[in-house]
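Input: structures, listed below.
Here come two complexes built around chain A, the first alongside chain B, the second alongside chain C.
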Partner chain A sequence: MQFTLFVPGDSWMHRLDPMSKVLLTVIGLVCTFLLPGHLAPALLLAASLVLLASAGVLRRSTAVFAGVSLIAVTFFVVQGLVYAGNQHPALAIGPVTFYREGLLLGLRLTLRLYNILASSLILILTNRPSDLVESLMRRGLPSRFGYVIIAVLQIIPTMVEASARITDAQRSRGMETEGSLWVRLRAFIPLMGPLVTSSLIATEERALALEVRGFASNRRLTFLHEESIPGYAWPVRIAALAVLALGIAGRVMLS
Partner chain B sequence: MSLIRVENLRYRYPRQSALALDGVSFTVEPGEFVGIVGPNKAGKSTLCQALVGLVPHFYKGAIGGKVEVAGLDVHTTSVGEVSRRAGLVFQSPFTQMSGAKFSVYEEVAFGLERAGIPRDEMIRRIEWSLRLLGLWDLRDRSPFALSGGQMQRLAIASVLVMQPEVLILDEPTSQLDPAGTSEVFAAVGDLCRQGMAVVMAEHKVDRIAARADKVLVLNRGRVLAWGPPGEVFSLDGLEEHGVAVPAVTRAARELGWREQGGTYPVTVEAAARIGGAALGRDQG
Partner chain C sequence: MATQRKNVWAFRFTTLSLVLIPVAVGINYVGKLFASALKLPLWLDSIGTVLAGMLAGPWIGAISGAVNNIIFGITADPVSFWYLITSIVIGLLVGYLAMTGWIRDFPRAVVLGLIVALAAAIVSTPINVFLWEGTTGNIWGDGLYTILRNGGTPIWIASFIDELVVDLLDKVATVVISFLIFKALPQRLTGLFAGQDQVERL
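Let's look at the complex of A and B:
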């Protein structure tokens, strides 16, 4: 139980170590802002989609892409209508005229948006957050930070559960919790008291329990799971860096 | 050498006027199982926490006397240091889960990772503790998907895996059914035979009377009685202080069934033996 978009799987991308996936995502993000024009960003997006598809998470990605399509549409509409550089009319629907320059800018912005999403999804969908944090802890992230990040991800669902339980208890004693928006809003206030109080108490108890389980230990950490870096990790990393180098070279030569 | 030595321990929580612990003294030898009983608010949990140093290091407040656990002076040693030698299991299992692990197996590993135990050793110890508490078949489940009793046993396993010399349990069977309770007491018996000292605060006096080597009775922070269960539960006036006495002992007292030493029996078996003899005489 965890608050995450991670899709479990056994693809080559899932088996790739978290640090390599971080590298892929970071390079994807850098290239998004590095690559000029339309063709190069479109190729980058295609490459990201191929990676997502090979990891078997394309369907989940499509759901995310569809979710933000509204933003993409507004890019086209707003830029097509009112972009300052608009000169050549491209399309007229009744009294509304879209301009070529604005639509192209909309396309660039949309490509940028989807490139950011696609690069991030590589990491988000194929990587368990705790694996990434553990990788970072192996490389010197203080274990307290690591613990906080992982615990927060896991505490959210338990808090959702606790609030459902409190609401049920209140409803069973006759409180109105369903109905119009106003009724729901009113029901929210009596929920906060018990939820916050119980969370604070639980936090103190957990702090005690962690203390006696050696949380504050200054010793060097060991890990139950061995870090597995597949043999293809280095080729993948080098390929990713090569793409970055190409992107930089292209940018420098064009400007 | 005693594993636990408590001398005239006095403690007051911050912003309180009454003493939570008032002149508590006792010692526990290796392999001994000590039960702490007493009414609510008697100071049982405070005493448990004083044995690993949470009292006074975590709560602050005023402390006097001396607590020595596994050769460490608890009042001058950090909680982390003491915890390596003395494990404490709390009452509520839910808040003892680290919240950073996704399976029972990984949860048990949490403390080991912090202590820097090598991986092979970790795997060996995890299997040992999970099997001891009957959790081996549940090892791939999420800790939060367990029942209250299973979670409570997981909390014990997570502390045991650190292989402390002293194990302190604060009402560890509050959420367990009779079968689960028996399993915990049986596991404690095994650990004592291996030389571990076990201290358990517990309301189920019948179990304590049957299993513990010695019983410490607390009331309002003071020691009301200290000794073998037979002697302690035979004392007059315990129930007036709100201290629970095993049902068997109460019945035997009413019937006047005494052991040879003059104490009342604390287990059904002992009572049946004495009662059988008494009834046999009566009939004869």
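Let's look at the complex of A and C:
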């Protein structure tokens, strides 16, 4: 059971260290809100897509993009109809009129949505989540907090398995999972209750196991793996910062 | 049982309460899974955060909410990261109100659900206005938003109502379900997280 979107691979982006990927994502997000108009955000989106394609994760990205296309449609419909700055009718379908200004705002919002997604996907699709946590722990993230995040990544697949077992067990006792809304809503408690109880009981055991292994100790931790930062990490970081500087300069000059 | 403690806001970062956080995030995730498997028109994706608040107080509730959105933000759903504050507020609020007697009986739990829904909508509205000019991406809420804006309602109020209609049922159901599960838990478990430090004394 995999709940993360991470795609294992060996592209240059996969080998890049997590902190550089965080930098790329953050700069992408900052530029999303920095760049004015339509052309500049469209270019930013194109740049992110090129990066995603070079990492070999374009197919998975497209699936994510398609998943939110309905939201993009609502941007065009809602803003095209009721945006406060609407003046010039652009398109009339029967009794409803869509306005030019609102449709352009819809386009801006859609570009914003896809820019946020594309920038984030660089990190999400090419970076193993536990590697990022390890990188952050090397840079001062408290190890207890690091444990919490890594534990979530391990616990979710376990709990999903448990939830399948509980569903089967309750069905075999005659619980109905189909029918009217009320029937289905009532089924929620016998499914969720045992899961909560069993996982809370497990936390007590886990806390004991952690204590026995020195979880609360304040000694400096060592790491199992060496951190590897490829030679091209710095050029990539500098290029990313240059893009940010360009974005800021463009914004300042235009305003 | 929860009101005997003196200071609701005291930090209690025991190993046990830290281990509760990943479980809370897992419960959030499975709650969402069950809700979609049962085809419920609700998300029910913050039951873990609410339970963590009820069990271990406002701080653990808030951290559970934060960790939840950070994890899904960096692994599966980039947009969830932007609603970090909403989750933190839910955990904090439920934790505080649960400790001060708001989950004593069923009617109070329903009121707690209404308070949480209201707070979640208040916190989410500025995020919606900043990111998407006020829409939420939910068809019913956005339909209402369109009608309200067409009638001349200011963007902030329309956006708030858009978010509230989406949150109201979901958050009340979330809190009521969490309350029912919480009440059914064995007392040994609820006492464990409520700061009696049993593990530490071993």
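Definition applied: the second predicted complex is superposed on the first by the 237 of 255 C-alpha atoms of A that agree within 3 Å, B and C clash if a C-alpha of one lies under 4 Å from a C-alpha of the other, contacts with A are read in each partner's own complex, and residues count from 1 in each chain.
The rule is short, and it goes like this: contacts are C-beta pairs under 8 Å (C-beta built on N, C-alpha and C of every residue); 3 or more make two chains touch, one makes a residue touch a chain.
Remember, predicted model here, so these are calculated numbers, not experimental data.
S.K.: With the two structures laid over each other on chain A, which partner does A:Phe6 touch: chain B (first), chain C (second), both, or neither?
M.R.: In the superposed model, A:Phe6 contacts chain C only, not chain B.
S.K.: Thinking of the overlay built on chain A, is A:Ser143 touched by chain B (first), by chain C (second), by both, or by neither?
M.R.: Once the two structures are laid over each other on A, A:Ser143 reaches chain B alone.
S.K.: Using the touch criterion from the header, give the chain among chain B and chain C with more contacted residues in chain A.
M.R.: C
S.K.: Pick one for A:Ile124: touches chain B only (first), chain C only (second), both, or neither.
M.R.: In the superposition, A:Ile124 touches chain C alone.
S.K.: Identify the partner contact of A:Ser61: answer first if only chain B is touched, second if only chain C is, both if each is, neither if none is.
M.R.: So A:Ser61 meets neither chain B nor chain C here.
S.K.: Does chain B (first) or chain C (second) touch A:Ala151, or do both, or does neither?
M.R.: After superposition on chain A, A:Ala151 lies in contact with both partners, chain B and chain C.
S.K.: Output check: A:Leu221 vs chain B and chain C. Expected answer is one of first, second, both, neither. What do you get?
M.R.: In the superposition, A:Leu221 contacts chain B only.
S.K.: With both complexes superposed on chain A, which partner does A:Leu210 reach: first (chain B), second (chain C), both or neither?
M.R.: both
S.K.: Using the superposition described at the top, list the residues of chain A that contact chain B and also contact chain C.
M.R.: 147, 151, 154-155, 158, 202, 206, 208, 210-211, 215-216
S.K.: Sort out for me which residues of chain C touch chain A in the complex.
M.R.: Going by the criterion above, the answer is residues 13-16, 18-23, 25-27, 29-31, 33-35, 37-41, 44, 47, 51, 55, 63, 67, 70-71, 73-76, 78-79, 81-82, 131-133, 135, 137, 139, 142, 145-146, 149-150, 155, 173, 177, 180-181, 184-186, 189, 192-193, 199, 202.
S.K.: Could you please specify the touching residues of chain A with respect to chain B in the complex?
M.R.: 1-2, 130, 143, 147, 150-151, 154-155, 158, 202, 205-206, 208-224, 226
S.K.: Mind pulling up the chain A residues that touch chain C in the complex?
M.R.: Contacts found on chain A: 3-6, 68, 70-71, 74-75, 77-79, 81-84, 105, 109, 112-113, 116-117, 120-121, 123-124, 129, 132, 144, 147-149, 151-156, 158-160, 163, 167, 177, 181, 184-185, 187-189, 191-193, 195-197, 199-204, 206-208, 210-211, 215-216.
S.K.: If we count contacts the way the header does, which residues on chain B are in touch with chain A in the complex?
M.R.: 49, 52, 54, 58, 78-80, 83-84, 87-88, 90, 92, 94-96, 98-100, 102, 105-106, 109-119, 122-123, 126, 142, 144-145, 155, 158-159, 162
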